[in-house]
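Both complexes below contain chain A, partnered by chain B and then by chain C.
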Partner chain A sequence: MIEAKIERVVASYLLTQEDKIIFAENIKTLENEVFRKSSASVETETASLDPAFYEFLEKLKEDGLFPLTAGEQLSLLKEIEAYLNSLTLVRLTLAFKPRRDFLVKLVSFFNQNGARKVVLDIYSRAEIVAGVVLEYQGNYRDYSIAHDLDNLSTEEGFMAGLLNQAK
Partner chain B sequence: MEPVVLISLLLNAIAVLLVIWLVYKGGEAISEFRPYIKEVGELRAEMLAKANEIVNQATAMADQIVANARTTSEKNLATTDTLLKQMQDQLNQGIGQTLAESKLNIQNVTRTNLEIYEKQLLELNKELEMHSLELKKRLLEESTKRIDEIASSVPADLAEMRKEIDMKLEEKLASVDHEIASYREQKMKAVETKIYQMLSEIAKKTLGRSIDTSSHEELVMQALQKAKKEGLLS
Partner chain C sequence: MIKTYDEYLNSVGEIGYIDSIVHSIAYVTGLPGARTREVVVAQGGQIGIVQALLPGYVEVLMLSTAGLKNETPIARTGESFKIAVSKEILGRVVNPFGAPIDGAGPIGGEKEFRSIDEPAPALHTRARIDQPLETGVQVVDLLVPLGYGQRELVIGDRKTGKSIFLLQTVVAQASKGVVCIYVSIGKRQSDIKSVEEYLKSWSGAFSNCTIVAASSSDPASMIYLAPFAGFSIAEYFRDRGKNVLIIFDDLTNHAKFYRELSLLSKRTPGRSSYPGDIFNLHASMLERAGQIKTERGKVSITALPVAESLEGDITGYIQTNLMSITDGHIFFDPEKFREGARPAINHALSVSRVGNQTKSPLEKELAQRIREALARYEKDKEIARFGVDLPESTKAEIDTGEKIELVLNQDTETLVPATLSLMLMGLLLGDFWKGKRVEQVKVDLIKITQKYQQGKLASLHDSITQITKVDDLIKQMKVYSDKITQVLYE
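Let's look at the complex of A and B:
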C-alpha cells in the first residue's frame, strides 16, 4: 500500500492515460537496470528516463520520500506500479485542449467525489461546442452544449419563440 | 503252435474253399443261360433289318409325295398367274369407269349445291336488307323521341346541375383550403427545422470559439457537478 504523502505526489504527476503508460514503462526500465547491475541503485540509472518521470523522482527526493537503499527503492517502484494498476479510467471529451493545471483539478475532483482513484483519457473535439462528454465506469453522459442545442430544436414552440424574438 | 493261430488258419482255409465253390457255381449258371443269349442276339438282328426296311419304304413314299406336291403346286401357280392377270385387267377397266362416273357425280352434286347456296345467299341478303332498313327506321324514331324528351327537360336539368356543381365546388374548395393549410403547416415546420439546423450549425461553429478557456473549464466543472448530482460518480 502506497503512503498517502507519496500518493499525493504521484497523483500530481499521474493525470492522464499517457502519463500512466510513461510511468509503467519507466518503472519497468528502472527495475531491469537495477536487477541487471546488482550493485546499481535507482538513482544511478536515471539517464534513460522520461523527463516527466525523472521530475517525479526528483520531487520525491526533494520531499524526502525517496528511500536510500536499492531494495527499498525497488519496493517503492513496485508499490507505485500496483497503484497504477488500481486506477480507474475516465474518458472525457472536451471542446478545448486542457492545460495541465486543469487536468490536476479534474483528477482532484474525481478523487474527492468519486468512489475510485482515476486516470484521465482526454479527447478534444470542437464539435461539442462546450461542456463535456463523460464515460465513467460503463456510464455515458453527454453534457455538451452541442447536445443541448440539438435537444432545443425538438422543444415545442421553441422555434416560434425564437422567430418572434428575431422580429 | 498256439490254438488261436490254428483256428485262424482253419478258418482261412474254409474261406478259400468257399470262394472256389462259388466261382464254380457261377460258371455253371452262365453256361445254362448261353443259348438264350444267342437267341436274343438273333432276334435283335432280325428286328433291326425290318426297321431298316420300313424306314427305306417310308423315305421313298415321302419323296414321291413331295414330287407330286411340287408338280401340283407348279400347276396351281400357273393357273393363279393367269387368273391374276385376268382380274387385273378387269379391275383396271372397272376403276377407269368408276373414276369417270365419280367425276361426273361430283360435278353434278357440286353444281346443285352451288345453286342452292346462291339461292340461300340471295334470300339472306334480302332479309338482311329488310332488317337493316327496319332498324334504321326504329333508331331514327327512337332518337327523335329522345331528343324531344331531352329538349323539353334541359332548362330544369341545367338548374339542377348548376346547384350540384356549386355544392361540389364548395366542398372541393373547403378540402383544398384544408390541404393548403396543412401543407403550409408542414412546410413551415420543415423551414423552421431547417432554419434551426442552420442556426445550430452556426452556433456550434462560432460559439465554441467565442468561449474563453476559463469559461470552458467552468462549464466542464458545472457538468461534472451535475454528473455527481445524478449519481454517475458513485
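Let's look at the complex of A and C:
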C-alpha cells in the first residue's frame, strides 16, 4: 500500500489516461535501467525520463518522501505502479479540449464524490455542442446539449411550436 | 434490428469496446449488464451475439467483422436475436437473418419478429405422435415409417442419396400443404441452387417451401445460426396451425462450425475437439420439434436432421449423439448403394421409435411379412453363393426377396403413395409376378405407377383403404389381377 502523503503527490500529477501511461512507462524504464546496471540507483538514471515524471520525482525528494537506497526506491516505484493499476478510468467526451486546471477540478470532483480514485480519458467532439458524455465501467450517460436537443425535436408539437415562434 | 447504434446506446445506456478480435469472436470490455444470447451492435452497425461472460470481458460472436477493429464501440440492445418472418417467406431462399438471397426482391407481408432461441414446447402441451407422415419413398413408408412431429435422423456417407430422399419427402409433403423448411448448413452455393431447382421442378411444391441457406462461403457464425433461424420460421407457421417439416442438411457440418467457433473462443476441447456442450446444443434445438396440442387441434414440427458418416461408420461422436437425441434413424448404406439399391437404405439398421404407432394394423402386418421375407432372402443368398443345388422353397424365397427389392427400388422422379405401395406389395405377395423375369417386373412397376397416377386404378384405391389384414389384401389383389393386367396392356 502506498503512503497517503505519496498518494497525494501522485494524484496531483496524475489526471488523465495519458499521464498514467507516461508514469507507467517511466517506471518501467527506471526499473530496467537499475536492473541492467545492478550497482546504479534510481537517482543516477533520471536522464532518459519524461519531464513531467522527472518533476514528480523531484517533488518527492523535496518533500523527503523518496528513499535513499536503490532497493527501497525500486519497491516504492513498484508500489506506485500498483497504485496506477488500481485507478478507475472515466471516459469523458467534451465539446472542447480542457486546460490542465480544469482537469484538476474535474478529477477532484470525481475523487470527492466517488468511492474510487479515477483518471480521466478525455475526448473532444464539437458535435455534442456542450455538456458531457460520460462512460464509467461500461455505463454510458449522455448529458450533452446535442442529446437534449435531439430529444426535444422528437417531442410531439415541438416543431410546430418552433415554427410558431419563428412567425 | 429496428434501431440504430446511437439509439440503442442511449436507451440501454451501456457501452463496451473491442479489446481483440479472433476471426468472428470479439472480446469486449465494458457492457456490465450484458446477458448471454443478447444482441449487441457495433458503431458501424455490425451485429453480434453475446456468447459468454468472462471475467472482465464479454465474448461476442460477430455476424460480420468487416470494418471492426480494436476500440470499436459496441452497444447493448437488450434484445435477443430475432428474424422477421411473414407468410410470404414461402417459395423463397433466405439467409439465416431471414433476408432473401434468391434475387427475387424483398419479402413482403405482415412481418413478425421471432427470436431464434424460442424455448421448446412444454411437456403438458405435447401430444402423442399418431399421424403418419408419407415420404413417397416405399422402403421408408413401409419399413421405417415416420409420423408428424417425429425427429428422425438421416445418416449415411456422402453421395449415397440422402439429400435426394429428403427432397422427395419435401415434395411429397409440400404437395399435401405441409410447410417445408430446408436448412442448408455450410453447403456449396451450387448445392443450394440444385435443391432449389429440384423443388421448383415439381409443380406447386416450392410454393410451400422455404430454403434457409448458409453456404460454405458465409462466416462460421452465420452457418452456426442457420438451424436456429430455420426453427424460428417453422414455429411461425406451426403457431398458425400448419404442420411443418424441417430438414437440417447437415448437423455434422453444423457441429464442425460450432467446434471452430468454440476452439477460437478457447473453450476446452473435448472428444474429437468438440466442445462439451455440443450435445446440449443439438438436443435443445431438436427439442423444439414435436406434435403439440392447440385450440385448433394438433400441429407439429417434424425434424429430419442429417448426419454424414465416413465409410459407413455410424459410431462417430456427433452421429451417435444425434442418434440418441432423435426418435430413430434411417441409414443410407454405402454397401447397398454399390449393390445398386435406390434409395440405398439399410432397413435392418434403420430404426423408427415412434413411427410404427402411426400405422394401421394392415401396414404393420405387411411390414412384418416383408421384413421376414427379406431376412430369409439375405440368408438364402449366403447359401446360394456356394453354388449348391437349392431346394425349390429356397429358390422361391430368393425370387420373392429379389422382387421385393425390385418393388422397393424407385427412381428420384417417382413418389409412391401409401395406397399404391400396398397395392404393389399385395400383388407381389399374391404371386402376380411369379415366374416373370426381372425386366418384365420392372416394366410392369413403371406402368402400374403411371396408370395409378392417371387415376385408372381408382376403384382399387378405394377398396384397399378398407382392408385390415394382409391375407385380405392378397385375396383382393388376386381378384383384381386380371383387371390390372388388362389396364397394363390396354
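By definition in this document, the second predicted complex is superposed on the first by the 155 of 167 C-alpha atoms of A that agree within 3 Å, B and C clash if a C-alpha of one lies under 4 Å from a C-alpha of the other, contacts with A are read in each partner's own complex, and residues count from 1 in each chain.
The rule is simple: contacts are C-beta pairs under 8 Å (C-beta built on N, C-alpha and C of every residue); 3 or more make two chains touch, one makes a residue touch a chain.
Keep in mind the model is a prediction, meaning the values are calculated, not measured.
After superposition onto chain A, the partners chain B and chain C occupy separate space and fit alongside each other. Of the two partner chains, chain C is the only one that A:135 touches; chain B does not reach it.
In the superposed model, A:147 makes contact with chain C only, not with chain B.
Of the two partner chains, chain B is the only one touched by A:95; chain C is not. Looking at the shared chain after the overlay, A:114 reaches chain B, while chain C stays out of its contact range.
Within the superposed three-chain model, A:6 lies out of touch with both chain B and chain C [touch as defined at top].
Measured by the number of chain A residues touched, the leading partner among chain B and chain C is B.
Put simply, chain B and chain C get as close as 11 Å, counting only Cα atoms, in the superposed view. Under the contact criterion defined above, the residues of chain A that touch both chain B in one complex and chain C in the other are 139, 141. Residues 135, 137-142, 147 of chain A touch chain C in their complex. Interface residues of chain C, counted against chain A in their complex, comprise 9-10, 13-16, 29-33, 75. Within the complex, the chain B residues that touch chain A are 192-193, 195-197, 199-200, 203-204, 207-209, 211, 213, 215-217, 219-221, 223-224, 226-228, 230, 232-234. Across the complex, chain A meets chain B through its residues 92, 94-96, 98-99, 102, 105-106, 109-110, 113-115, 126-132, 134, 136, 139, 141, 143, 145-146, 149-150, 152-153, 158-160, 162-163.
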